[in-house]
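Take a look at these structures.
Below are two complexes that have chain A in common, paired first with chain B and then with chain C.
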Partner chain A sequence: MFRQVAHRLLTRSTTNHSACAAATILRPYSTDVSTDASSGDSAFVEAWKKVAPNIDPPKTPIQFMEPRPPTPSTLPSKLTVNFVLPYAAELSKAEVDMVIVPATTGQMGILPGHVPTIAELKPGLLSVHEGNDVKKYFISSGFAFVHSNSYADILAVEAIPLDRIDPAQVQKGLSEFTQKLNSASTDLDKAEAQIGVDVHSALNSALTG
Partner chain B sequence: MAMAALRREGRRFAPLVSSPNPINAIRSTLAPAEEQVGLGVRSISTQVVRNRMKSVRNIQKITKAMKMVAASKLRAIQVRAENSRGLWQPFTALLGDTPSVNVKKNVIVTISSDKGLCGGINSTSVKISRALYKINSGPDTECKYVILGEKGKAQLIRDSKKDIELILTELQKNFLNYTQVSVLADDILKNVEFDALRIVFNKFQSVVSFLPTTATVLSPEIVERESEAGGKIGDLDSYEIEGGETKSEVLQNLAEFQFSCVMFNAVLENACSEQGARMSAMDSSSRNAGDMLDRLTLTYNRTRQASITTELIEIISGASALEG
Partner chain C sequence: MASTAAVPFWRSAGMTYITYSNICANLVRNCLKEPHKAEAINREKVHFSVSKWVDGKPQKPTIRSDTPEA
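What follows is the complex of A and B.
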């Protein structure tokens, strides 16, 4: 019996030693594990484990996203555009030469190597230039982000290719909203009518210009 | 007297020869059938078992139909949920993901379903919300709930009634669209003061797998604070702001837009998860009903054969009594 106990003690100590050795070998690698993208925010997971150790922590959006490439050292030749709407991703990682977005401060052209920008958009014309062909959309407002790695994200609530717009309806809408603006009484009505006028005049100029 | 003894024996052995794992309810429903024998009725009644079989068969049909309905609804909404996935990615790329941010006023937006029979997804969302509440409530921080959906309301109103700010139900009465969700988001933003909004929902990964997820939307002041402090949103200052008069106005619009976009995706994903969970719950329910039906059929046959045997014994014993 003593022989068995001694044997068991020996094996346990050797397994402990090998486990320790394994742990010390593994530890330098743990810092190499990519932190946020795959395992989520570590501080959050820690706080979670203290409060609810039996439940798995919930996932966070960054774990479902492909990480963006870092800023390259040389100027890239193409701009990578993600143009998203609530109902569809119109362009996803499309490599183009230039996009022109209707920012509130006017039409803004974005080329590869553009300075990082957050631009608020107003209703207007968006054009995507790839080589010789140009795709034009009329977008309702949204936002455009340009990142330092020549990635551009354009978010809009609605986007329609120009050939689907009916000019007669646009004129009718414009006159209707101008009339509403003139006869508006409360601030809310005035603001709504103003928005209508802005959108329709932007549509008009997009169709003509 | 021998016949009476035989009959008594038959009655005593009847429950012993039934299946090794009898359903307790079945045993209890068979007991009155045997008592009828004791009172002098000739044949053991199979009526009780037959009634039970009919009701189980109806349940099986209903749950199978519900599964088909859920499958067709899932197909329709899954396409829309997958298309809306591109909407929140630019915000996470710009502002990063900071669920461990430490703020004073936290608001937990729990998204749940209105109808039941959808498995455990609502309980999971509520458990996660409660845990987030515990993490974020401290001596100088406060935490409030905004609940979307009847099932979440039913669970959270029991113990967190004073912390609930807003309850919104019947989201899916009309077809879910961005306008509706942006009105909802507007409602929430107007009525609730927040530094950080934590949206809890079930992300649809596949028909059998739903991952509880929490997305964090920060108010513009906190975004400024975090970007000045460095850390994940550290390089927000390097971005030039175009449009609007001041930077804070643009950041305000950005936060509101972010909230409505993330909400839209979250609501669609949760609806998908609900239909998927309902499909699998109804599927296992109809399978269970099928198993129950098989067991009931065996019991029915046994009961029927026992009654036939009893009749035969009586006839034969009667005949032999006459002869002998």
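What follows is the complex of A and C.
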């Protein structure tokens, strides 16, 4: 089964070989598909006009949606950030210079024109740079999506500004979980204690760093 | 081609990503200063009832709640 997948991946873009072209199902990448659907599906509209020429064809849901902002041909100067939490939108289409997110692979800086990326975030510091202002938040976990049109979507479960962190609680939590880690027996207990240690040490370094 | 991606420690211990994410969020909420901590805990309170269905009939529901019974 996996050999077929590899074969299809390799032959996706090469359509010269007619046998391969017949065998592969060619689907365009999402960035190549036109996002402007305001005129509706042309095949549907034509079929409608044949049957009911005097009535306007009904609109389909996609015509009510805002089209995806197009990928500009020149590098945009600003990054548009949507920083959202489950209960509130912290930043909605904010134009900024740079965002540094705490990805699982390390601190990742996102500038305008960044290659499209999906990054899983670990508990850590998120900083939004706009001119000389830097806004810092501590994120519990989440994801960051960077699109080809220099839009960045950052989704976090909890995001707190640094001045709302209680240092005493952080120290208490850190010592409590380090102790739990040493005395943990089952895999699940060890994992939970390890998570506790990770989160509290990240909070600690966010407060001090 | 078998996937050889490194598995995070919580997944090898049997935890799902949602459980991991919720534990992280709860720990972070715990480290907030008052009054933000009280607001956050209030926001995350849930109250719902779940019932399993057998043979097309609902069984006795269990109520999960963070609000004290008034």
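The rule we apply is simple: the second predicted complex is superposed on the first by the 143 of 209 C-alpha atoms of A that agree within 3 Å, B and C clash if a C-alpha of one lies under 4 Å from a C-alpha of the other, contacts with A are read in each partner's own complex, and residues count from 1 in each chain.
Here is the rule we go by: a residue touches a chain if its C-beta (ideal position, glycine included) is under 8 Å from a C-beta of that chain, and two chains touch if they have at least 3 such contacts.
A quick note: this is a predicted structure, and the numbers were derived from the prediction, not measured.
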- Query: Who does A:Thr105 touch here: chain B (first), chain C (second), both, or neither?
  - Reply: first
- Message: Quick one: is A:Tyr87 in contact with chain B, with chain C, with both, or with neither? Answer first, second, both or neither.
- Response: both
- Classify the contacts of A:Ala43 with the two partner chains as first (chain B alone), second (chain C alone), both, or neither. first
- Comparison of chain B and chain C by chain A residues contacted: B
- Query: Now for A:Lys190: first (chain B), second (chain C), both, or neither, which partner does it touch?
  - Reply: second
- Task: Could you look at A:Val157 and tell me whether it touches chain B, chain C, both or neither (first, second, both, neither)?
- Result: both
- Message: Contact-wise, after the overlay, does A:Pro58 reach chain B, chain C, both or neither (first, second, both, neither)?
- Response: first
- For A:Pro116, decide between first (touching chain B), second (touching chain C), both and neither. first
- Query: Between chain B (first) and chain C (second), which, if any, makes contact with A:His200: first, second, both or neither?
  - Reply: second
- Look at A:Ser140 in the shared chain and tell me whether it touches chain B only, chain C only, both, or neither; answer first, second, both or neither. second
- Return the residues of chain A at which the contacts from chain B and from chain C coincide. 87, 104, 142, 157
- Task: Could you pull out which chain C residues touch chain A in their complex?
- Result: 1, 8-10, 12-15, 20-25, 27-33, 36-37, 40, 43
- Task: Enumerate the contact residues on chain A facing chain B in the complex.
- Result: 36, 40-41, 43-44, 47-48, 50-52, 55-56, 58-62, 64-65, 68, 82, 84-89, 92, 103-105, 108, 115-122, 142-143, 145, 147-148, 151, 153, 155, 157
- Query: For chain B, which residues count as touching chain A in their complex?
  - Reply: 80, 83-90, 92-94, 96-100, 127-128, 131, 134-135, 178, 200, 203, 211-216, 235, 238-244, 250, 253-254, 257, 261-262, 264
- chain C partner contacts - residues on chain A that touch it in the complex: 2, 6, 87, 104, 123, 138, 140-142, 157-158, 160, 164-166, 169-170, 173, 187-188, 190-192, 194-196, 199-200, 203
